[in-house]
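What follows is a set of structures to go through.
Here chain A shows up in two complexes: once beside chain B, once beside chain C.
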Partner chain A sequence: MLGFAARRLAQSIPVLVGISVVTWALMAASPDDPARIYANQQAVGGRAEPAEIEQARELLGLTGSPVEQYVRWARRALSGDLGESFRTGQPVTTEIVDRLPATLELAGGAVLVTLLLGLPLGVIAAVWANRWPDHVARLVALIGGAVPAFWLSLLLIWLFAVEWRWLPSNGRGGLDHLVLPALALGAAAAGGYVRLLRASLLETLGEDYVVAARARGLRGSAVLVRHALRNALIPVVSQLGVTVGVLLSGSVVVEVIFSWPGIGRYAVDSIARRDLPALQGFVLFSALVYLGASLAVDLAYRWLDPRVGRRGAER
Partner chain B sequence: MTVAAEAIWLAPEPGLRASWRRFRRNHAALAGLVLVSVVLAAALFGPSVAPSDPLAGSLDARHQGISGDHWLGTDALGRDQLARILHGARVSVLTAVLLMSIILVIATVVGVAAGYAGGLLDATLMRVVDVVLAFPSFILALAITGVLGVGLDKVLIALGAVWWAGFARVIRGQVVAVRERGFIDAAEASGGTQLSIVRRHVLPHVAGVILVLGTLDVGSIILALAGLSFLGFGQQPPDPEWGRMLFDAKPYLQTQPLEMIVPGSAIAITVLGFNLLGDGLRDAFDPAGSAR
Partner chain C sequence: MALLEVNDLTTTFATDRGPVRACDGVSFEVERGEVLGIVGESGSGKTIAALSVMGLVPPPGVIERGSIRFDGEELRGAPEHRYRDLRGRQIGMVFQDAGRALDPVHTVRSHLREASGRQDDHGALLQRVGLDADLLDRYPYQLSGGQRQRVMIAIAIARDPALIIADEPTTAVDALTQVALLAELMRLRHELGAALILVSHNLGLISRVADRVAVMYLGQILELSPTAELVREPGHPYSAALLRATVPLDGDGTRLEGVGGNPDSLLDPPSGCVFSRRCPHADDSCAMSRPALVATAPGRHSACHHLDRFAEATRGVGYGS
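Let's turn to the complex of A and B:
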């Protein structure tokens, strides 16, 4: 297991290098000269002198060959220095860390929504396979996958905040502020769990040990929970990595709509203001979280289902 | 890219006829086909039968509800919503489908080249794919748009630059699997040129997978395109686009919910149609996988 973890970590090193190159290129390969963007933003009246632009180029580390620039950037990035925001002059790392709790809170709420919707519907669909509860569950999953998070957000605001005035629709605060954005963000990911759990539960329900447990006279619900569901949930773990990507992506629009002060809204503000270091910070952070999640999922999967390793060895 | 999609293995032998029979019996798939046909027809022919100019508004006609003159009401500038939905479908649906076709061509070239040639080319291309897939797709597309600047063309480039990678990986896997079955070696031994072998023996075996993957993922392209436009980075005013229409409707949510219900429903119905159709095609081509 430890050897597998080490190997898996080593495999992700080239990917990490690739991620850093892409992130670096977002500024270095920008069609508009970043030094000019920065100098113009700093200049009184918004138009910088050529000398000021050259000064900015120096300051942003955009001098020398691309390889030199990348190495300089990567060395600083490794020590946690992603440069300063064009807008505020504050370190990008600090700005992202400051906004992280808000995004984590939203993501946590959304994961809860996803699992609370997806898992029960998946179980219902499998237990009553091809009967009406199954059809309803799958229809919900289908519609959930087709409704964009940004439209669901607007619908939720309209119904729960405007028409019925039950919940606030703006900003971060108590638990009541979390409900609507978490619903909007979490609902989209639930469909995948319904499909996956239905398929995997149908498979385990047909396995010999489940049939044997039934034959021994165990009650249906006991068989379901203790024998079938436990094993059926293992493949579901693999879906968690996908979910992290869905949540990272969805949080951008959802945070903008609900004025949620997290890193997604930070990214959109950065684009609107051409704040390239801030955008780089957001992209790098998202990729690292995504990569970390897929690593964690691989390790958890292997730990939960030892058969995976043997299957992998055969390849 | 779903795990299920990667696991597709297509046997071309049972033939298209068997697939079509399975597809025809699948009500959900047929519903998807109908929805997609209606949406595509609306996008193709809608603008020429649209009741009025999607750009012409009048201040007297602002924020109107459903009426005989305006079947789906009007927006904040008094422009007819039905006309804007029909014209917007060109961008939101036709452009998305076109973009998907281009993405599939790129992915096929990369996937076939990597899988067929193997060796260093394969290793290099697949490392590039690994890196692109290391980012959540929407976020990388958002970032590229952010660097390129706003505009529909920029958004399309950004989406294309990101979305090919997942398909290329799956197609490469299929090509490698075809290779392992030996008949390509046989074709090479009997002196076929590489291009003709790819055309006669490789492409027919991966065509079904490409079609299924493409259809399954058109929905996510439509959602990403509308999402970026909703954020204000895609289609610029005054031209209609569904995501942009939602963005424009947002300030009037409290008093004019119809203005966001119309474009939102259009997006959801279209994506639902493509997802149903994609599921149906997958099941038709790959009965073993769908039985699970």
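Let's turn to the complex of A and C:
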């Protein structure tokens, strides 16, 4: 397992290089001259002199050939230095790392919501296939998947925070603060899981090994959990990697609506202020989180399916 | 009272192209300690008959008619928990394709733990079926076809059942392994004193070990006779055709012929006798009405309108003559 993890990490190196190029290009290939933006923001009257702009260009490392620029940037990035935010003058890395736990908490909560809604509904839909519990589960999934996160956010705020005053609607705090944004973010993805698990479980329920498990006198619940569901979860887990990506992009909207102090809201603020280094930090960290999630998913996948990538004992 | 009494079993599947009667009025008995062979071409309903007895007919199949008595107790309509007590404990089943009937994500040990209900001693169970205890922590994909089939047998005998149903236990393996597996199964059955229903499309194989043979075609039993008699003098045109199409396991195969014609489909079964489209002795009356399975001699049963004509024509067709 460790060897596999190491191999899998090594395989992500080309992806990382690709991500770094894109991130770097965000500043270097920006249609507006970053040096001018920076210098203007620093200048007292908001209008920088040409000399100040050239100074800024030097400071931002935007001199020399593109290759030189990239190597300079990448070397600093590898040591954890992504430059300073135009807005605050603080190191971008520190600002992102400070906000990352909030976003991970939100994404984690959303994944939990997705699974807690999606998996039971998927099981119900498959076990009672084509009967009323199935129809209800699929209707819920359809509605959940069709409602945009921002719309659901507003609905949840209106019901739970404004009308009933049960839960807070902005900021980060205890678990109660997490509930609404996690619901808003996670519910949309749950619909896909209902459909995926239903189809996958219907297939495994018809497999010979499920009939054979019943033929050895196993009770229905044990057959369902240990054989049918256990096998049906394999494709579900491989889908989780994609979902993490969807949740990360979705979190931008939800973080803004719920004033959640994560990197999504940081990114929106940065766009508004044309804070390019901060945006670079956001892109890079999002990609890293996504890569980390797919690595975790691959490990889980291997653990679930003993056949994956193992050779030698086959005869 | 026989151990298992199946009477007029009719199992139907509703399909897009109309109802399919996988078993159509099937009746047979299995005595304690007896070996009953069920033989028939692919699609004749052997597996569905076995699954009907186990109460495991896959949807959309339903048992439409008939009775299944095990040890005197009516199973048809019995509650699921009653079936659960029988499955594995009283009736063990060896599935046709062990490669699909073993769960790919569970080890051999995990299968045996479920089958035996015990936490240890699984190595001993493996040794009983001629496998090394080292294989316990293997996954099914890490076993050969023969080893998988033996694991299936170990699962079926884990709780000393009174009846073993072995559905084509040897089709997925090579000829040598087939013979070894069959010998193993017979030895275990003998040790346990269990009755055995041996399902196969291979009459040659079945005739070596079965006390009696039921010949199935299109969901119906066309002949049910003691093996020796059936092989010496088949009591039905279809049995005779099957016998001619069988490679004797110890012969040179020179007598080999096909059954003749293509197997019919359950979607469009012939009217009257199900064998009428392929039978050399058929006449108009055969397509008119379905012959009943009736006693023709002590212990022998056959479903044919023209047994006299057939007997005349086929004297001396069996192995024994």
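The definition used in the following text is that the second predicted complex is superposed on the first by the 293 of 315 C-alpha atoms of A that agree within 3 Å, B and C clash if a C-alpha of one lies under 4 Å from a C-alpha of the other, contacts with A are read in each partner's own complex, and residues count from 1 in each chain.
Criterion: a residue touches a chain if its C-beta (ideal position, glycine included) is under 8 Å from a C-beta of that chain, and two chains touch if they have at least 3 such contacts.
Keep in mind that what you see is a predicted model, and the values were worked out from it rather than measured.
Superposition of the two complexes onto chain A shows chain B and chain C fitting side by side, with no clash. Once chain A of one complex is fitted onto chain A of the other, the partner contacts of A:A212 are limited to chain C, with no touch recorded for chain B.
Between the C-alpha centres of chain B and chain C, as viewed from that of chain A after superposition on chain A, lies an angle of 80 degrees, to the nearest 10. Touched residues of chain A were counted for both chain B and chain C, and B has more of them. When the two structures are aligned on the shared chain, A:R230 is found in touch with chain C, with no touch to chain B. Once the two complexes are laid over each other on the shared chain, residue contacts for A:V268 go to chain B alone; chain C is not touched. Following the chain A superposition, chain B and chain C show a smallest Cα-Cα distance of 14 angstrom. Within chain A, not a single residue is touched by chain B in the first complex and by chain C in the second. Of all residues in chain B, only 2-3, 127-128, 130-131, 134-140, 142-149, 219, 223, 226-227, 230-233, 243, 246, 249-250, 253-254, 257, 260-261, 264, 267-269, 271-272, 275-276, 292 touch chain A in the complex they form.
Those residues of chain A that touch chain C in the shared complex are 206-209, 211-220, 222, 226-227, 230-231, 234, 304-307, 313-315. Residue ranges of chain A in contact with chain B, taken from their complex: 14-15, 18-19, 21-22, 26-27, 29-32, 142-143, 145-151, 154-155, 157-158, 162, 192, 199, 202-203, 238, 242, 244-246, 248-249, 252-253, 256-257, 267-268, 270-272, 276, 279, 282-283, 286-287, 290-291. Across the complex, chain C meets chain A through its residues 51, 54, 56, 58, 80, 84-89, 92-93, 95, 97, 100-106, 114-115, 138-139, 141-144, 152, 155-156, 158-159.
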